[in-house]
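Presented sequentially are two complexes of chain A, the first with chain B as partner and the second with chain C.
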Partner chain A sequence: MFRALEVVDKLFERLSRRTAQQVSRRNFLASFGAALVGASVLPVLPVARKAQAAEDPGMAWAKRVGAQTTDPKACNYWRYCSSDGYLCSCCGGGPATCPPGSSPSPTSWVGSCLNPDDGKLYLIAYRDCCGKDACPQCNCLGTAGEMPAYRPQLNNDIIWCFGGSSMIYHCSSAAIVGQV
Partner chain B sequence: MKGFMASLALAISFSAAAAGVETVAPDDVPDVLVRTQRTVLPKVRGAAEDYSRNCQGCHGHLGHSVAEVPRLKDRVGLFTHTPEGRAYLIQVPNVTQAMLSHERLAAMMNWMLEEYSREQLAPAFQPYTASEVARLRADRLQSVIARRREVVEGLLRAGVIADADVLAFSLEPGRY
Partner chain C sequence: MKGTLPATAVACAMAWGGSAFAAQSLEEMKDLPPAAKLMGEQHTIAKLPAPHPKRVFVLEPLFPAIVASKIWVIEGDKQELGAVMSAGYCANMALAPDQSEIYVFDTYWDKGFRGRRSDFITTYDSQDLTIKSDTDLPKGRFLVVPKKQNADASPDGKWLFSYNLAPATTVSVIDAKTKKYAGEVEIAGCGLIFPGRGNRFSSVCSDGTLATAQWDDKFKSTVTRQGPFFDSENDPVFEHAGFDRRQGKVHFITYDGNVIPVDIAQDKPAIGTKWSLLGAEDAKEEWRPGGWQLAAVHRATQRLFVLMHKGPKWTHKQAGEEVWVFDLNSRKRVQRIELKEHATTIAVSQDADPYLFTQTEKPSLITYNVQDGKEVGEMSFGITPFLMFVGDE
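What follows is the complex of A and B.
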C-alpha cells in the first residue's frame, strides 16, 4: 500500500520537476490566465454580432463627432446620433423627457447609437414632444441609420407627433429602448 | 506577469458584470449608472431587435399604440387560422417591404406572433419558414384594403371571429 503511494508520489514529483524545468513561471501563468479568461469571455463574444455591430452607422457617428455622455445640451451627446431638430434638453426637458406643456408622441422611430462609456449599442426611440409651438433651441442634425422619406418609419424629417393629441412639434427627445 | 494580472482583472470584472447587475427600466437611465455601476439594460436581440428597429416605433413595444395603427396584441394571431390570413400577414406592405432577409423576416414574425398573440394562434400553427416568406413576398398585393376585407370575411365565415370589428383596421369599429 505504502509502496503504491510512493510510486504515485515519485511519478508526480518527476512530472512537476520536468514541467518546472521546461516551462517558465511566466509562461505558465500566462497560459493559465489566458485559459481562465478565455473560458469566461468566449461565450459572451459572438463573432458575428461584433462584425454586425462594426458596420452600425451609430458607431461611425460617435467616432466622427466625439460622442460624449455628460452634456445632453450638446449635439454630440451620444443619444442624438439620429436626432433631427431642437433638443428637448435645451427647452426645459431632458434627453428623454418632454418640457412642461408638451407631451411625448405615442409613436416614434427607432435607431441605435453607441454609448462611448461602455462601447455598446443602444436602441433609441426618437419621439418628438408635441402640443406646443416649436422651441428654437439647440438645433441638431444626426442622420445615423436614417432612411429617405420613402421609408417614413425610419426617417427623421417626419414630425413624430403622429397619433397624439396634437401635431404641433415642440422638440426632439431620445429615449433608450434597450441594449443591443 | 503583467499580462496575467491584466487577464485576471478582466476575468474578475467579467464575473462581476455577470453577477452584479442591477437591471433597470430603460428610457431615461442616467448615463452615470452605465458609467460607474455597470447597469445592465434589457437586451434586445435577434428577432426582438428586428421587431424593435422595424415595427415597434408605431406598433409599440407592447404590441399596441394608437388608433391609427392596427393593434397586434391579443388579436394578430387570429389571421393564422386561414391560409389567406397567414399569407396576408407577410404580404401587408410594411412587412413584405421590411429591410430584412426572408430568414429574419420569418423569425421576426414567428417571434411577434408568440410574443403578442400566442393565445389566438391557430391550434396547428406552423411557424413561417424562409422559403414560405420568399414565395409570399414575390406575390404583391394590388389592393391591401380589399384583401384585408376578404381575409376578415373569410375568418368570419370560418367561425374564427364572430364580429368583423374584432379585426377592425384601427380601433374604430367598422373599419377593417
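What follows is the complex of A and C.
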C-alpha cells in the first residue's frame, strides 16, 4: 500500500514537472492538483484503493473481458481497462503513439491495469491525442476504477487535452508510465 | 431540350436570391414552356406547438464529428420529430423554468477545429427556435461528455450556471433575465451544480462533502461544506441523480445502489438517511444501477425511476435492462419495467399519465407508458445521443 502510494506520488510529481517544462501554461498541472483536491490532499489513484477493495478493478476487468496483449486494436487489449473513446491504434497511431497531425496531451488521468502475461499491475496514463476532429474508429469503454468527474483524476469522460495546444479530442491512447 | 423547363434552371434561379425570384412575373420567365403555369407557393416557417409535458429534448454530442452537437426536439405524444437544433463542441443545455427559452452552453473555434476558441450561452426562443442572444462565458466551460448538472437554470428563472475546470473549479453565474455574466463562484475540489433556492447552488466534492455556495447582491460569495455524506472512495454518487429541481430535492444514487436524499431547498441543505434500491435477493443477483442519465423523478407521484442491470462492481456505465420504480415516501419498489432494448439514459414526463423515455444503445428512443409499462413507440435518429430534458422537471 505504502509503496503503491509512493509510486503514485512520485509519478504525479514527475508528470507535473514535465508538464511545467513543456506547456505554455507552466503551472497547469501543479495548480490542477491543488485546485481540484485542495493543497493538503493528494490525489488518490486506483492503486491506492487496491488495499481496501475486495478485488482490484483492473484485475477484475482483465478476467471479465479476457484481456490480451497482442491486438491493440481490440477493446480487450490489456491497457484499455479504463479507456473511453476511439482507439488511437485504429487511427494511424498506437497505444502510446498519436496519429499523424495530432499530439498527446501533457496531462492525463492514471489508471492501473493487469498485464495477463506477467500478472502484474501497471500504471497507465490515459492521454488523449488532440488537435483534430475525432477519429471515429474502434470505440471502447473500460470503466475499471473509473470515478465521477468531481474526482477528475479518475474520470474518463473529461476531454484530457488540458495544457496542450488544442482542446479538441482526436482519439484515446494508453501509455505505460509505471508498475505497481 | 426546347419546350422543357430544366430542373437545374429552377434550382439556379432560386440560388441566385429568393426575393428576385419571387418578384419575377410569369412574363419575365422567358424560358418557360408555353403550357407552363406557375403556382406561386410561398414558403412558411414552422413553429413548435406550445411547450407540453411530453416534449423531450435529446442532446447528442456527435462523437464521430466531435466539434458538432445536435439537439433533437421530439414530440413524444405524437412520436414525431419536431425540430433539430445545431450546437458545437461538447455542448450542454438547459430549459427556462417557464419553458419559454432554451439555453445552449457552447464552444466553437473560429476555424472549425482550430483557431480562436469562444465559449458562450445561446438563448433560443422555445417555439420558433430563433436566436435571442449570445452571452460570452469569459472563463470558458468544462469540456466533457455532457452531463446535465454541469449546466443548469435556477428553478426561479433568475440564474444560469456553467461549470468550469481550468484548472480551478468554479461556476460561471449568469443573470438569466439580462443575460449578463455576473461572475465566478469558486468551489475548490467540487463539481456539479444543483440549483437551490434564491442565490444558491449545491455541489458534490471529491472528499464526499456537499458544498453550498451563496452570494449577495454585490456577488460576494461564500461556500459552506457539510458531510461527508457519502464514501467517495468506495461508493461514490453518480453525477446524475434523481433531481426534483422544482422542490429542491436531490436523490443521489451510489455505484452500489444506495440512495441519499438531500433537500437543497433549505438555507442549510438537509442530508437525509441513506436507503438501498436493492433487496437481499436483488443484491444476490448482482443488480446495480448504471448507465449515463440513469435516474428521473416524477414529482407529482414522488416516484424515482432508476436504470438497473446485472453486473459486478465497476460496470457503472453499463446500459440498463430494466427500469425500477420506487415510491420515495415508502422507499419501496412499486414497479419493474422490462426494457425492449437496453438503455443508457432515461427521462420521465411530469404529467398525470407519464411517459418514460429511454435512449437505447442502438441508438433509438423507446417510449413506454408508465401506467402499464407498455411500449408507446420507437424512433431512430442520431448516432451518439446522450442526454434528455423534459419541461417542468
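One rule holds for everything that comes next: the second predicted complex is superposed on the first by the 126 of 180 C-alpha atoms of A that agree within 3 Å, B and C clash if a C-alpha of one lies under 4 Å from a C-alpha of the other, contacts with A are read in each partner's own complex, and residues count from 1 in each chain.
Just so we're on the same page, a residue touches a chain if its C-beta (ideal position, glycine included) is under 8 Å from a C-beta of that chain, and two chains touch if they have at least 3 such contacts.
Every value quoted in this text rests on a predicted model; they were computed, and no experiment measured them.
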{"item": "First (chain B), second (chain C), both or neither touched by A:F162", "value": "both"}
{"item": "First, second, both or neither for A:P148, with chain B first and chain C second", "value": "second"}
{"item": "Chain B versus chain C as contact partner of A:D118, first or second or both or neither", "value": "first"}
{"item": "Partner chain(s) touched by A:P136 [first = chain B, second = chain C, both, neither]", "value": "second"}
{"item": "Contacts of A:P95 with chain B and chain C, given as first, second, both or neither", "value": "first"}
{"item": "Contacts of A:Q179 with chain B and chain C, given as first, second, both or neither", "value": "first"}
{"item": "Overlap of the chain B and chain C footprints on chain A, listed as residue numbers", "value": "29, 32, 36-37, 41, 44, 151, 162"}
{"item": "Contact set on chain B toward chain A in their complex", "value": "1, 3-4, 7-8, 10-11, 14-15, 26-29, 31, 34-35, 38, 40-45, 49, 52-54, 56-58, 60-61, 65-69, 94, 99"}
{"item": "Sites on chain A touched by chain B in the complex", "value": "26, 29-30, 32-34, 36-37, 40-41, 44, 69-70, 78, 94-97, 106-112, 115, 117-118, 122-123, 125, 151, 153, 162-164, 175-180"}
{"item": "Partner chain C, residues of chain A touching it in the complex", "value": "28-29, 31-32, 35-38, 41, 44, 49, 52-53, 57, 60-61, 64, 85-86, 131-134, 136, 139, 141, 143-152, 157-159, 161-162, 166-169"}
{"item": "Complex contact set, residues of chain C against chain A", "value": "63-67, 89-90, 109, 113-114, 117, 142-145, 147, 165, 167-169, 188-192, 203-207, 232-234, 236-239, 312-317"}
